[in-house]
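Across the two complexes that follow, chain A remains constant while its partner is chain B and subsequently chain C.
Let's look at the complex of A and B:
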């Protein structure tokens, strides 16, 4: 009897959790199709597609911002991999001076707030002309992605090792061939996961883009911000829904890849 | 594979270059907090900005506000997150496909989380409407304003909506693994379920619980978006105040921003080191559970 009761309570706790996670999102979706929703109605009085027009009508620039934002995040994701792959291999397979220090420093951007280090970087970028440029924004986004991508690639390298590469070299394959025919295919699922993760991290940045980009580099997260602030709930909610859909697609892809190839469920180790 | 002595350094060169920007950013911030801004002709080391900040009631209020927000957020998130993880593990719901939806809040950006809370808890929000319908309040004004309030309840709620699922995601996988492997063995040997949980599962989950606590604490201490969107006008949270000082037209204000940043940097770098230590100690263990 008590065990049954106990199990009932446990299930109830989880169901309450589901509700807490989903209910606010449901309200968000309702708001984005709301025409008039006067107090104290529990449901909107009229519905409207005004937000869809705002998003896709072409005059607001939302889709343009979404595309340019996607491009920036894609470049960030690819560059993060180019930087992380060799580093992860060096960390796992080689012994070098300062290895532990490097591991520590790469981890730091997860904990040290962007607010705190971004202003120092902005001061540096002003000096070397990277402030208010896309390149500058891409560079700081990469800094924020490296903890995730280096970690994923390190785990993948630890799992696969370099035995196959050694064999291929012994059998006479050129370093380039080894890289294209062995290293890349083996690391590919890890690379896909890293790219997705980096994309999501970069796509979601608001503050650091504002600070380094100085308002001249407009990403979707920045484009959306004033609407959330100003109070047109319908438009703000619609922008948010489009944002969530964009990241959700990338995320589902990431989740699938990770589950299919690796037994690591914790790419979220960092927020 | 045999690598030449220099090859590893070549391989880490890109990472080192990118992270050099990060380190220079940190150093720049700390230097400016000591009043060294060559661009403004200031080159003398001084502690006066720190003294001014620490004697300034507004700025210390910001500091304490941020400590309060991040402590409240991380403690509540970890407690509730662990409780839900326990419930999901013991009820077996962790295995259900639907459980995956708890991942959604983790990828929702903080700006949207702020909007969700406004939709719910503002004076015209859905919760106020429900309270009115149930005759708990007489009108909109009867609903206690928890957005933009001095107790930062809105800020904390917006963080919690994201961070509780975050804790669950980190903790529940490990908890479920342990429960099904070690737990069954212990039960077979005659231990009660409660005992198994207290003496085996919880201690083994402790590292992941600690790391989630650290990440949330540091994040909610230093993030800008939510306190900016949902905070009271006065006092402002530390990151918001720092940005106000940074963009102040008079460059002489910048050291104040950098003092606030440096306090954040010193504090969080220390936290990061603890985090790093926990992670590297744990690699062996997580490697085991991955097999």
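Let's look at the complex of A and C:
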């Protein structure tokens, strides 16, 4: 196989991949503006702005739910990181009894179905009064996000070790200055990944939020799912597109802003 | 005046005793080497001095004050590690200025310092470069500059040139010597390269198994090693067993080695001679040449007679062959006698 053929095939694969990811999105967008779209036709028969009205109009509360969801997920992502970074450093840099077991236990929320343990959590929360509260929902979301964030931060910490921190200390930096000048900037690519991951996991939660939040805590996902189930494709598609757009905006915003502030390129692991 | 004093230092790591009773003094402005094989504890000694490792016993004094309780950032010691550890998210100038920035020094002063140090190490104009854009040699110089810019009381270098090729290593050695002359900074260099230690130090401390065996000027350590272990560090040595009786040393190998008049007390001795201190005499003799190694300017020749193996050195323009029988002449005055 010549080099040129190889190149062509690789590019073809990439473009097919792009297409397969973006084409369904395109279909969703078209559906959002559809009035009637009977089966054999390639394009909708009529167009309508019904969905826009539904979403942004006065009665729906969809935008409110979007904002409050965004805030809840942002808090979840932040708290997950606050827990995961020190945890990852401890797992990688300290040797303690049960360390390997801990590395496995942290992954449990992904292995064990959420519905299985969420019931138990709900009963406990009811007893201590966290059921039907935003705080309760945030706490459970954090549990669901931790496998990802701890894992990502552990990998990142393993790649860099504590060598740079040691060097910074002998150069005269106190432990706090080491953290802000060395640890945090170096871990930043990992932190961005973790925050995005945690945000999307939390933002997508439906059943858990319903269970723990008891219908009192309303998130955007909870708003969206009934429409998807209902069969009203126009509105369901509109909600989905908005969902995708919001998460995309969050990702891009985080990525750009933080990288610009720290003036770093992409990931660099120095050894 | 002693700038650094280690008193009865004992250090254990992970249950193993690494340093056992180290007593070590360095004068202000001196440059000393810790020389020893891997695992002898020299890096541990360095890290304990800097405060990265806590001793189980003993005291560390820097500039006259007891620093046992002080954190690494407060001791006034800076380490340059073998793997350099340049900060990848900062450019060269920010790396070098890091030490002073942590002290809270004014930005303008830091900038001037950085520029001046970059010139001293031959990297003028590189202050805005990214660290990963530099070559290995340039990165070495940045690491050195960063340590110097932090204005330490004691500079600690942990095998900083081990990973460099010969050419670069020489250049870096010259740079360190030059900077040391300019700044008169107390420096401790950890190395396993005996040539480096001999070349650069005011004094050398030979370490083995967590203890300092000898601590003296390069000439003394090289020509009068205190023990065979110290001698062996500088290369393969010849040991001729024998005894002294009524002012005369005789080796057990009566026939092939001449005796020697000496004022040593009677007893069993081990005579140590460097390969260069046994001359090859090109006449038919009793010593059989077993092997010849070519080393550029010289040959390393292994000879044997009656069960005794010796290593001798001769210029590479000598005509020698394996299997040849030759004679030798011992340079007794240069040898060192160890009493058994």
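One rule holds for everything that comes next: the second predicted complex is superposed on the first by the 213 of 271 C-alpha atoms of A that agree within 3 Å, B and C clash if a C-alpha of one lies under 4 Å from a C-alpha of the other, contacts with A are read in each partner's own complex, and residues count from 1 in each chain.
By our rule, a contact is a pair of C-beta atoms (placed from the backbone, for glycine too) under 8 Å apart; a residue touches a chain by one contact, two chains touch by 3 or more.
From a predicted model like this one, the values you see are computed outputs, not experimental measurements.
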item	value
Touching partner for A:28 - first (chain B), second (chain C), both, neither	first
Touched partner set for A:162, first chain B, second chain C, both or neither	first
Comparing the two partners chain B and chain C, which touches a greater set of residues in chain A	B
Partner chain(s) touched by A:11 [first = chain B, second = chain C, both, neither]	first
Partner chain in contact with A:248 - chain B first, chain C second, else both or neither	first
Touching partner for A:172 - first (chain B), second (chain C), both, neither	second
Which of chain B and chain C A:182 touches, first, second, both or neither	second
Contacts of A:207 with chain B and chain C, given as first, second, both or neither	first
Intersection of chain A interface sets (partners chain B, chain C)	166, 169, 264, 268, 270-271
Chain B residues touching chain A - in the complex, by the definition given at the top	1, 3, 7-12, 14-16, 18-19, 21-30, 32, 39, 83-84, 86-88, 90-91, 93, 98-112, 114-120, 124, 126, 128-130, 132-133, 140, 161, 163-166, 168-170, 173, 211, 214-216, 218-219, 221-225, 229, 239, 242-243, 246, 257-258, 261-262, 264-265, 268-269, 271-273, 275-276, 279-280, 287, 290
In the complex with chain C, residue positions of chain A that touch it	163-164, 166-174, 177, 181-182, 185-186, 262, 264, 268, 270-271
Chain A-facing residues of chain C, complex	50-52, 71-73, 77-79, 81, 83, 85-89, 98-99, 102-103, 132, 146-147, 150
Chain B contact footprint on chain A (complex, rising order)	6-7, 9-11, 13-14, 17-18, 20-22, 24-25, 27-28, 31, 39-42, 82-84, 86-87, 89-91, 93-96, 100, 102-121, 123-124, 127, 139-140, 142-143, 146, 150, 158-159, 162, 165-166, 169, 200, 204, 206-207, 211, 221, 224-225, 228-229, 233, 236-237, 240, 243-244, 247-248, 251, 255, 263-266, 268-271
